[in-house]
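Read from first to last, the chains carry the letters A, B, C and D; within each, the first residue is number 1.
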Amino acid sequence: MNTFGNIFRLTTFGESHGVAVGAVVDGCPAGIPFDLETLRRDLARRRPGQAYTTERNELDEPEVLSGVFEGLTLGSPIAVIVRNHDQRSKDYNRLKDLYRPSHADYTYQQKYGVRDHRGGGRSSARETLARVIGGSVAQMVLAEKTSIRVKGAVTTLGTIQTERPLTEMQVDNIYASPVRCDDPDVEGKMAEYLEQLRAEGDSTGGIVSIQVDGVEAGLGEPIYRKLNSILAAAMMSINGATGFEMGAGFAVANRRGSENNDQWSEGGGGLRTTTNNSGGVQGGISNGMPIVFRVAFKPPSSIAKEQTHGTTSGETVEHTIAGRHDPSIVIRALPVVEAMTLLVLADMWLQSKAWS
Amino acid sequence: MNTFGNIFRLTTFGESHGVAVGAVVDGCPAGIPFDLETLRRDLARRRPGQAYTTERNELDEPEVLSGVFEGLTLGSPIAVIVRNHDQRSKDYNRLKDLYRPSHADYTYQQKYGVRDHRGGGRSSARETLARVIGGSVAQMVLAEKTSIRVKGAVTTLGTIQTERPLTEMQVDNIYASPVRCDDPDVEGKMAEYLEQLRAEGDSTGGIVSIQVDGVEAGLGEPIYRKLNSILAAAMMSINGATGFEMGAGFAVANRRGSENNDQWSEGGGGLRTTTNNSGGVQGGISNGMPIVFRVAFKPPSSIAKEQTHGTTSGETVEHTIAGRHDPSIVIRALPVVEAMTLLVLADMWLQSKAWS
Amino acid sequence: MNTFGNIFRLTTFGESHGVAVGAVVDGCPAGIPFDLETLRRDLARRRPGQAYTTERNELDEPEVLSGVFEGLTLGSPIAVIVRNHDQRSKDYNRLKDLYRPSHADYTYQQKYGVRDHRGGGRSSARETLARVIGGSVAQMVLAEKTSIRVKGAVTTLGTIQTERPLTEMQVDNIYASPVRCDDPDVEGKMAEYLEQLRAEGDSTGGIVSIQVDGVEAGLGEPIYRKLNSILAAAMMSINGATGFEMGAGFAVANRRGSENNDQWSEGGGGLRTTTNNSGGVQGGISNGMPIVFRVAFKPPSSIAKEQTHGTTSGETVEHTIAGRHDPSIVIRALPVVEAMTLLVLADMWLQSKAWS
Amino acid sequence: MNTFGNIFRLTTFGESHGVAVGAVVDGCPAGIPFDLETLRRDLARRRPGQAYTTERNELDEPEVLSGVFEGLTLGSPIAVIVRNHDQRSKDYNRLKDLYRPSHADYTYQQKYGVRDHRGGGRSSARETLARVIGGSVAQMVLAEKTSIRVKGAVTTLGTIQTERPLTEMQVDNIYASPVRCDDPDVEGKMAEYLEQLRAEGDSTGGIVSIQVDGVEAGLGEPIYRKLNSILAAAMMSINGATGFEMGAGFAVANRRGSENNDQWSEGGGGLRTTTNNSGGVQGGISNGMPIVFRVAFKPPSSIAKEQTHGTTSGETVEHTIAGRHDPSIVIRALPVVEAMTLLVLADMWLQSKAWS
C-alpha cells in the first residue's frame, strides 16, 4: 500500500535504480500558491552528497506533471517526479544473490519472489524523496491556511545528546548545522563522532525530536485515527525507525500520576496546561498545546565491515558491502520526519473541517 | 473514525454510560468455529473488579447478534454487544462542568461541542472491551488457519521491572498473576507497589511487552502499511499509550551498526538471524523471526488527590475526583494490546493471501 | 464489505433470521438533534405487513445503543439495532438444500461454503432496514444543516407507468398511496395489477424515480467519486436493482448533441440550465439543478409457481416455494433508494466542506 | 478522489493540456510478465486521430517509471506516464470566460474556484488514457492467473443498433471496425451516420455492451461492494456515461417474475442457468455465468453549432465552439469501458483470494 492519508493523500512510487521516483498528492485544496523553490529547498535538505551523508550526488530536480496551473493548485492530483541519474548499478551486482544483515533484501524476496536488488529497489531510502515532495505540498497548504509550524532537530546521535530544548532552537540554524542540531555545545561532538565512524566504517543510531506549534484544539479522529496513532504510523513507516514516543513517552512508565498529570492553568484566551507530558494530545485529540514527539532511528545497516550475509540458496557467507554508506540515518531522516508530520497535520486539519 | 483494519475490519461503538458497547467484525472468513467461551474468557481478562483493578463490577456478558450460524462464522459481519449495567452516573455529575487533568474531557468538548461527561463517554477505557471482542475473533481465525501465537506480559510497573525474557514466561501463569507478570522475583514487589499506590490515592505507569511466534516471512504491506507501522498505529490508539518501540527500539539510538545488525545464520529449513534487534520485521515485512515490541502506558490520570481542573467557563479550580480509580492501566491494557496485535495480524495475514 | 461511505459511513450487520439487524453510523457531526420519531416513521415506510407487501409483520422497533446523549448526536458512532421477532424459520427448512432461481442462495454457498439458508440470511431484503436507519440519520444531518430535500416515487410498475412529473407529486401523497405513486390516474391500475399478480402467484418489476432539490453546485469528487458514480454504486447495491440512469439516461443513446445539450440561462442569482438532461451533474459535480435519476428493479424472484431449482448436490428439481411473497420490490425499495440517496449526499456534503 | 479500487488500485493524474497524464497501479502481484506491446496496443485503441474520432494526433507513447524489473512486475507501484504533445492551447483561449453547455466548465469553476480551461483540464476525456493504462496492467494479471476474458462492442449508435449478440462477435473484428461493431449489416450505416453528423457539426449518443467470460462463481463482496455495484460505479465514472444496466437491466421493469427468473439447469461440471437475465450476478456475487452489462453514453457536448454558453460573470452568450470534435464518444469509450471492467475484476479476484 503506497498511499498515505485519508483526505489529503500521498501516493508514491519508484525504485532506487529505476527510471524515476515520484509522488502524487491527491486532495490538495484548489487555489494554493505552489512554490517550486520551497519544494527544491525541501528536496535539497534530504539530498545525499552533503556533509556527513553519502557521496552519491544527484540533482534531484523535481518535474511537476500536473495539478498546478498559473502558479496555483487546481484541486486535481499534483504529480511530481524526480529522475534517477547517478545509477552505479554495477556496484550492486554482487548483491543479487546476497541478503545483507538488517536490510529488507530477504523479506522482499520472500514476499514478492522477485526484487530489484540494485540499491534496495523500493526499500531504498531514496523512496523518502517522494515523501518530502508530499510534505512540501502539505506545508504550502498549512502555511496558506493555518498557523501550524513544524520544527525538528537531531537530538541524539549515538551517545551524544543535546540538553537544549527544541523551543530554543531556530529552524535556520538547525539546517545550517551539518548534524541538524542547533546546540553549539554538542554540534561539534556529533560531527566528530560521525567522522570517527566514517573512518571506522561503522554507523550510529539517533533520535529526531519534533515540536509543532500553532495546532488548535480539535485535531484527531478518535478512536482509530487518533492524532498520536496516525503520527505513530507515519513515523514508523520511515526506513530505519524503531521507536515513537509522544510527549513524555517511555519516561512515564516509571512515573506516578501525581507527577505526570498536566494541571490546567488559565492562559491567554483559554485553558492551557502547566506541563505538556501529554505532548499536546489528550484522548487522541489535540489540546492546543505544542505537539511533541520523538522518533528513534537505528544505525544504518550498511557498514564497511565484514558481516554474515544470507544467500538466495539458503546459506550464509562472510562479505563486506562495497559502495557509499551514511554513518547515520537521522540527519537525512529529519526532513522526512518533518514531511510525514506535515502530511498528517494537513490531512487531519482538512478532515476536521468536514465536521465543523 | 471508529473502524480499524483494511480487510479484516473492526468497527466499534458505545459510550461508557450509554446503553451498550459493541463491535462489528467485518471480513472474517466463513466457516471458522466461533467459540463463545473463548470470547468470554478474553472479556474476563480485561474486566474491572479484579484484584488491582477498579471495583466497578460488570458482568460483561457478550450477546452475538449476527454473523454466526450453527457454530460457524458466515463470512458476514459478526456483531457483538455488551450492555452497560453498573452505571453510577451520579458519581459523575460534578464532572459536567470540569475538565480533569490529562483526561480527554477538554479535547472532546472542544472538538465536538457536546460530550457525554459520564465516565468519559466514548473516551472511556470501557471502549477497549469492543477491541477485545475483535481480537477474540481474530484469534479464532488465526488459531484455525495459522500457527501464529501472541504472548504478552506487564514487564515494567513504575520503577519495578522484570529481567525475565518473555520467551520463558507462560501465558497461563501470566494471567494467573494479578499483575500479569510471570516472574516470581518481581510479581510480589509489583503487587506491593500497587497496594501502596492505592493507599496513597496515586497511580503508576508501566510497559507491556509482546512477542508473537509463528509469523512466517512476508506479512506487511510496504510502504505505508508496513507491519511495524500498523502495529504502532494500533498500539498508540489504545487509551493511555505514550510510546511504541519495535525490537531493540529506542535503545538503538545509542548503538553502532556493527552491534545492532542482525547477522544471518542457517536455521532449520531456512535463514534465521542470530539476534533479533529488528523485532522480526525488516523493511516493514516480517522475516520469520518472533515479532517483538513494547508499549508504554502512562499512569492513570484519575487519582484521589487534589488537582487543578479546568472549567467549562475557562477558569481553573482545585478539586479531588471521587469514585473508583485503577492504580495502573497496564494490567487491564495487556489483553487490549494483545487484541490489537491479533487484529493487525489477522488483517495482514488475509491481505498477504490476496497477492499470493 | 459491509460499510458504505467515506466520511459519513454506514456499517450494517444482521441475517434475516438471526438475532437482530443493525446499523452503525460513523462520522455524523456532533450536536444534531436526533429524532427517534423520524427514525420510526422511516422504518415504518419500508415495513412489511402493509398493503401490497408481504404479510410478515414485525414491529421493527429501533433501539439506539450509542452516539446520542440528551437528544443530541455526540459525534461518536450511532449504533441502532432492530431485533428479529417473527422468525418462522421452519418455513425455510426445505430451502436448506435448494438454490432458488434468481436468488443469492447459490452464490453465497459458492463464495462462503456455508450459509444461513433461513430467509436468505444476509442476502435478505431485511438488510435494507439497516440502510433506512442510516438514511434517517443522514436526513437529520441534512435537514439541520442544508436545504437538501429528497423526493421519490414508484413511476413504473410492470407495464403501467405514470406520466406525471415528480415535481408535481407530494411526499405525503406518495407515502399515503399504497403503490407509492402520487398520480390518481395510475395509482388504481397499479394496485389492481398487484392484486392480480398476487392472485396469480406472480410478481412484477418496476422503476423508482428520484429528484433531489436544494443541492448547491460543487458536490462530487472527481474522478472516481463522481456524484453520479457514487449514486450508481449506492443504488446498484440494493437488492434487486438492475439498472441506474442519470438525467436523461439511456434515452440519450439515440439523441443528437444539439437536442441533448443543456443550454445555459440566467436564473435568480446565478446560472441555470434550460433543460436538465444532465440530471444535475456535470463532470461528476453537482451544478445546482435538481439531481434526477431512476433505478430499475427486477420482479421479486420468489413466486408461488413451480420453478426449476438447483440442489446442493448439483442436480435440478421442480419445486414451488412456500411462504410469503411480495408481488413487487419497488414499493418497499422506495424508502431504501431514498435512504441511499441521503447517505450519498450527507457523505458528499461533509466531504465538500473539507476542501472549502 | 483520483484512486479507484480497493486492493488493486489505480491512481491517475494529469490535465489535458498539462505536462503529462499518468497512472500509478498499486497492488499488482509480483512476477507478472509486463508486456509493453500490449500496453501500446491498448493505448492505440483509444487514441484520437483515427477514423471517426477527432483529428488531434498524439503519439501517446507510454513511459514506464517504476514497478517493472527485467520484464516482471515487482509488486511495487507501476507508474506510467504519457506526455501531452499536441497542445494547441490557444484554441481554448476563448473558453477562459465561457461555460460550454453540458461540459464540466461551470461545475469545476464552482467547486474549485480555479480551473485549467484548456481542453477541459482534468475533466477532459484525455484522462481516460490513464484508465487504459490501468486496465492494461489488470489484463496482464488476469491473463496470467485466470481465464477471465472481456469483450465489448458498440451496439447502439444513435438510432442504429445491432441485433447481433456479443457472443457471435470477434474481438479482432470489433477493433478492425472503425465503429467498433462486428456486424456487417450495421457497421456501414453507423459509419455513414457519423459522416453525416460530422458534416452537420452535430454528434450522437450510443451504447457499449460488455460480456465477460471465464468468471468463476464467488466474485463480489456483499453488501456494499457487490460486483454489480462496483461495476456501476466504475462505468458511471467514465466521462459522458449516463446509464448502466446489468443483465436484462431496465427491461425487467415491465417483466413478470415468471418470465424473468433464471431457471437452473445441470451444466458441464456444475449448475448453470438456462437464461442469464441476472447478467451473471446474484446477490452481488458472480454465479459463473457470463457477466453482461451495458453502458449508455451521451452525445459529445462539443458540437459545431451555435449554443447558449454561460459566462464567468453570470450572463449568457451565443457562441460556436471552434476546434476538433468527435461525433461520438462511444467509439473511444469502448476501450475505456473494457479497462474499467478489467480493473474491477482484477480487484475483485485478488480480494476473493484473501478469504479463500
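The rule is simple: a residue touches a chain if its C-beta (ideal position, glycine included) is under 8 Å from a C-beta of that chain, and two chains touch if they have at least 3 such contacts.
Just so it is clear, the model here is predicted, and its values are computed rather than measured.
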| item | value |
| --- | --- |
| A-C compared against C-D, more contacting pairs | C-D |
| Farthest chain (mean CA position) relative to chain A | C |
| Rounded Å distance, chain A centre to chain D centre (Cα mean) | 39 |
| Distance from chain D to chain C - Cα centre to Cα centre, in angstrom | 27 |
| Centre-to-centre distance between chain C and chain A (centres being mean Cα positions), rounded to whole Å | 46 |
| Residue numbers of chain B (touch at least two other chains) | 1-3, 12, 27, 30, 75-76, 111, 122, 222 |
| Of chain C, residues touching chain A in the complex | 7, 27, 29-30, 75-76, 222, 350-351, 353-356 |
| Residue numbers on chain A that touch chain B, as the complex places them | 1-4, 6, 12, 99, 101-104, 106-108, 110-111, 122-123, 127, 156, 158-159, 197, 202-207, 217-218, 220-226, 228-237, 239, 241-250, 252-258, 260-266, 270-271, 273-274, 277-279, 281-288, 296-303, 305, 307-310, 314-316, 352 |
| Touching residues on chain A, where the partner in the complex is chain D | 1-3, 9, 11-15, 18-22, 24, 26-27, 30-31, 63-67, 69, 72-79, 81, 111-116, 121-122 |
